[in-house]
Amino acid sequence: MTDPNSLPAALSEKVEIPESISGLEPVRSVRSPIRLVYDFVPSPPVQQYLRSYSKKKILGHRSPVDGAVFVPPRGVDPRHGVLIDESVELSDRGHVGNFCVTHLPIPGRDDLDIPYVSAWIHLDGANVGFLGLVAGCENDEVHIGMRVQAVWKEEDELGNTAENILYWKPTGEPSVPVEKAGNRAWEHTNE
Amino acid sequence: MSELEKPLKAELTVEYPFTRTTGEVIGAFMTGLREKRLFGIKRPDGSILVPPLEYDPVTSEPLTEMVEVAQSGVVETWTWVDPPRPQSPWDAPHALALIRLDGSDTSMLHAVIVGSPLEMKTGMRVTAQWKEDRVGHIADLEGFVQEIEKADS
Amino acid sequence: MSEVNSFRDVAVVSVASYQTKTLSEVNEVQLMADLISKCRNSVGVTQEDIGFTCSGSSDFLAGQAFSFVHTLDSVGAFPPISESHVEMDGAFALYEAWVKLQIGEVDTALVYSYGKPSAGSVIDVLATQLDPYYVSPLWPDCFSLAALQARLLLDNDLITLEKMAEVSMRSQKNGFDNPNAVRSSEDVSFDDLMNEPVTVDPLRASDISEIADGGCAVILAAGDKARSLCERPAWIKGIDHRVDSHTLGVRDLTRSPSAFLAAEKAGVSDDRIDLAEIHGITSAQELILEKEFGLNEKTLVNLSGGSLASDTMMASGLIRISEVASRIISDEADRGLAHATSGPCLQQNLVCILEGE
Amino acid sequence: MSAELTAVLGVGQTKYSSTRGDVSIAGLCREAAYRALEDACLDWKEIDAVVIGKAPDFFEGVMMPELYLAEALGAVGKPILRVHTAGSVGGSTALVAASLIQSRVHEKVLTIGFEKQSESNATWALSLPQPFSVSINAGAGGYFSPIIRQYMSRSGAPDLIGCMVAFKDRQHALKNPYAHLHQNDLTFEEVVESPMLWNPIRYSETCPSSDGACAMVLGNEKSGDKADKPVAWIHGTAMRSESNNFPGRDEVNPLASRQCAADVFKQAGITNPLKEIDAVEIYVPFSWYEPMWLESLGFAEVDHGWRMVEDGTTSLEGGKLPVNCSGGVLSSNPIGASGMIRFAEAALQVRGMAGDHQVDGAKKSFGHAYGGGAQYFAMWIVGAEKP
């Protein structure tokens, strides 16, 4: 194995720095900031999805192939590459398919107490999960299969955004068994 | 279209304060800029490349012999930038040109500071104009101005 | 590629493309799902019949890291697929797929690419492509750099403003029959174009490509598989790409050595060229390319209107290939050249020679 | 028609570190490229084409940097390709380079992966907040932690398996002069006691952020036969991708991973990977992925991969299947190069050139990379002998 501390032969010749600057503190780095601004325009199904939040409704997309329901709507079924245009209204209740207890701050979310729990929320009627914050209980009470429901912002604070849901809180209902929670539910119904 | 029906839209800003380490050759050129000097680097055939690269731009072999070049040269080609690009070092319309400095065998891209495109001509002689505050950056060079104007001032 | 003839016969058998000024009814994922479905359906294949998939796109253009991961949804990648992605124009994805087909283990490939420059300022985005120490911090835009190139050509009497206007007129008139052409006109006149004000000195608005959103999908197949899928496949007789130095001050900008070399290696001079689709961001670049490719008046250039009429970064090159291929598949032409470019002032170039049987 | 036999003729790496403050981007890449050329006893003129890979361009803020790097990497007048397949990119890049030779398009190809993460901040580049959506996903750790939790729950693995992997890889790194992390005095207790970041992932169980480049020269059968130094012959190559977040997706053991492994082992004629492979370099950015991938790849039975960690099977110190002898991604992570390092380290093992972290007599080794939400896979098997 070659020695990482000796340069390859071709690069070992020293650079001749002109005398006029050779005794000066050399520049070692340059700053080159970049700022690019993009228009973020959600696709039409996502537009509809975001608008429905202002009415405290959550929309999913139903695949024409086998009826699987995706939330948020992606406009296509990612397994088959076919376009989806059928929307379905989903419950604002579901279960925790899986979760993460994060001990690091997130840029732009100073409001979050550390550690916090983010979870894949599997809504009743949906066949994939989407990310949400779980609160209203101790972090160590959160578990796979725990039943949760959305806690919405006050009516007058509702906008066209998924941020209308402040967090998901436990409902106290019996938990979904681990083997039927999250993505495993689909395998189960297909058996 | 009612307010409700207008498509939702938001600005997404991608912004990074990049700090690039230069290595010796680019660093020496930047040091030169800070000191109001321009350097090139010698290629195996003896020709001079400005600004200098660590490697030959055709054969990729390492280059190591840095040399100073003149601060005046000739505009090989140019265009007019109006309005100036938002993040560029320039606030006013200006020419963008490839300039071959005396003593260099290649040309470098920079601005020529003149009032209007009518003052620009391929082949015109220009000379470097420096910023007051220099940090070792390509924009330490404010740009180039017509050589004759500098002689007058 | 060295000996063109020793390679496996591979053809374009199906194409689908779409370009528009601003994509608003659908996003890139839905657009590509639609184009890929059309492309597969028209030759009766499903994704499971496809041996290799390769795409091209840019995170910087999309304003999102790993943007291509989302677009994988449009293919329908389950069951899993053999797949790769280049951060390059789709024409280079097609090259990678062609290489894969040469190995002989698979017989079909899906290639796609897309871009949505309307989401941001593409000319600022492109400035980040330049030398990060000496050039990018000055934020020169791609059309200004192309203008430096055009002036060199004009100053050296290699082209004229009249020649440039003729190229623009050709683009606008040819584009009139192409629904994907964003800038086209049935009755634009030479005088109109000559009298247009200069926008990026010495270029006029019509000398500069019209930036558009869009995408393209192409299916490749080898040998008998191609013949079974398509009555008249567009056979790839040669494909090659080359790159020049990035440093503008080192290059002779009146030429594009990499375009010349790629065309030569792809076999441009082996036979006549009925039609060519060439990819330049200015009329002056089209003139450089015509010369590098040795095209004469017998070749119909940019029947689609070319990239001057609709320029979709990351897809324009693949669209050039699809335009030539579709005219061969429909028996309007026998042999054509398609070209893609990338980088400032024609730095990197790909040439593909297609032929019908 | 069959594929041209392809060999790794040369490998070059840079010393991985958090900041390579002494070089430009080109300078970093050239260091690896020259080492690979010198290892292969070749110069720029003898290279037919260049294939570059790196992760998102936002890391360095240079869009399509292969254009700026063309002349730094001997590509002027030649073909140059740029691959990007998320975290697996280093592996995919090597496979694209290999395909250029397997297809007989070229005879000798230089391939390089790099990242100069110190130019910006990787976490920012990866977690650009999306308007209208809830911003609670804290990077890759936040994504992979639930999947690891699911693995732990379904396999019944003891809690400290992840720490054992991390400790083992950092010990391996001490034998690799190119590794970023050289933690001479690290104790297992320190690994266990390091702060929890994304429960169950501790700080010590994550990869560092590194500057670095890795390059390889690949050649056809003739150039492999002619080489002065030992070469690594490619026995199998495979890539697979699958969509993310669909109903029924097995995130712990994705089908794309299983199919990719099945394909590459079939090509190499391997029926019992555990027995027939001598050294393994797999992409483990979070320690728990070692047992998870060992199962997915078929080196261990499902839910039993952790036992190989526990009983020392994957250790260079007398283990039957040494895994990540280089120290792995857990010890060096220049993202765009990380996959290629796995492939290059696999090649060094069968060439007998891995120095202090050499597995004695390694004849066949396995290189692996993955990316996205465990959606993109690239794998190769290399051998000391021709296939």
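Which chain is which? They are A, B, C and D, in the order written, and residues in each are numbered from 1.
Rule of thumb we're sticking to: contacts are C-beta pairs under 8 Å (C-beta built on N, C-alpha and C of every residue); 3 or more make two chains touch, one makes a residue touch a chain.
These numbers come from a predicted model, not from an experiment.
Common neighbours of subunit B and subunit D under the contact rule above are A, C.
Taken together, subunit A and subunit C share the touching chains B, D. Farthest chain from subunit A, judged by C-alpha centroids: B. The distance from the centre of subunit B to the centre of subunit C, each centre being the mean of the chain's C-alpha atoms, comes to 30 Å. Distance from the subunit A centre to the subunit D centre is 26 Å, each centre being the mean of its Cα atoms.
For this pair, subunit A with subunit B, the centres built from the Cα atoms lie 42 Å apart. Chain contacts: subunit A has residues 10-11, 28-30, 32, 34, 36-42, 46, 50, 77-79, 160 touching two or more partner chains.
Touching two or more other chains at once are residues 21-22, 24-25, 30, 58, 60-61, 71, 75-76, 124-125, 128, 130-132, 243-244, 246, 249 of subunit D. Annotation for subunit B: residues touching 2 or more other chains are 7-8, 10-12, 14, 16-22, 24, 26, 30, 53-54, 57-58, 61, 87, 137-138. If you draw each protein chain as a dot and join the dots that touch, every dot ends up joined to every other dot. Contact residues of subunit A toward subunit C in the complex are 30, 32, 34, 36-44, 46, 74-83.
Remark: subunit C residues 1, 6-8, 53, 58-60, 63-66, 68-69, 72-73, 76-88, 92, 95-96, 99-100, 102-105, 125-126, 128-133, 136, 240-247, 257-258, 261, 342-344, 347-348 touch subunit D in the complex. Only residues 12-15, 21-22, 30-31, 34-35, 37-39, 61, 123-124, 127, 129-138, 141-142, 145-147, 149-150, 153, 177-178, 195-199, 243-251, 348, 353-356 of subunit D touch subunit A when the two sit together in their complex.
Within the complex formed with subunit B, the subunit C residues making contact are 24, 63, 123-124, 127, 132-135, 137-141, 144, 147-149, 151-152, 155, 200-203, 245-250, 253. Residues of subunit A touching subunit D in their complex: 1-5, 7-11, 28-29, 32, 34, 40, 42, 46, 50, 68, 70, 77-79, 98-104, 106-109, 112, 115-116, 118-120, 127-129, 131-133, 144, 160-163, 165, 178, 182-184, 186-187, 190.
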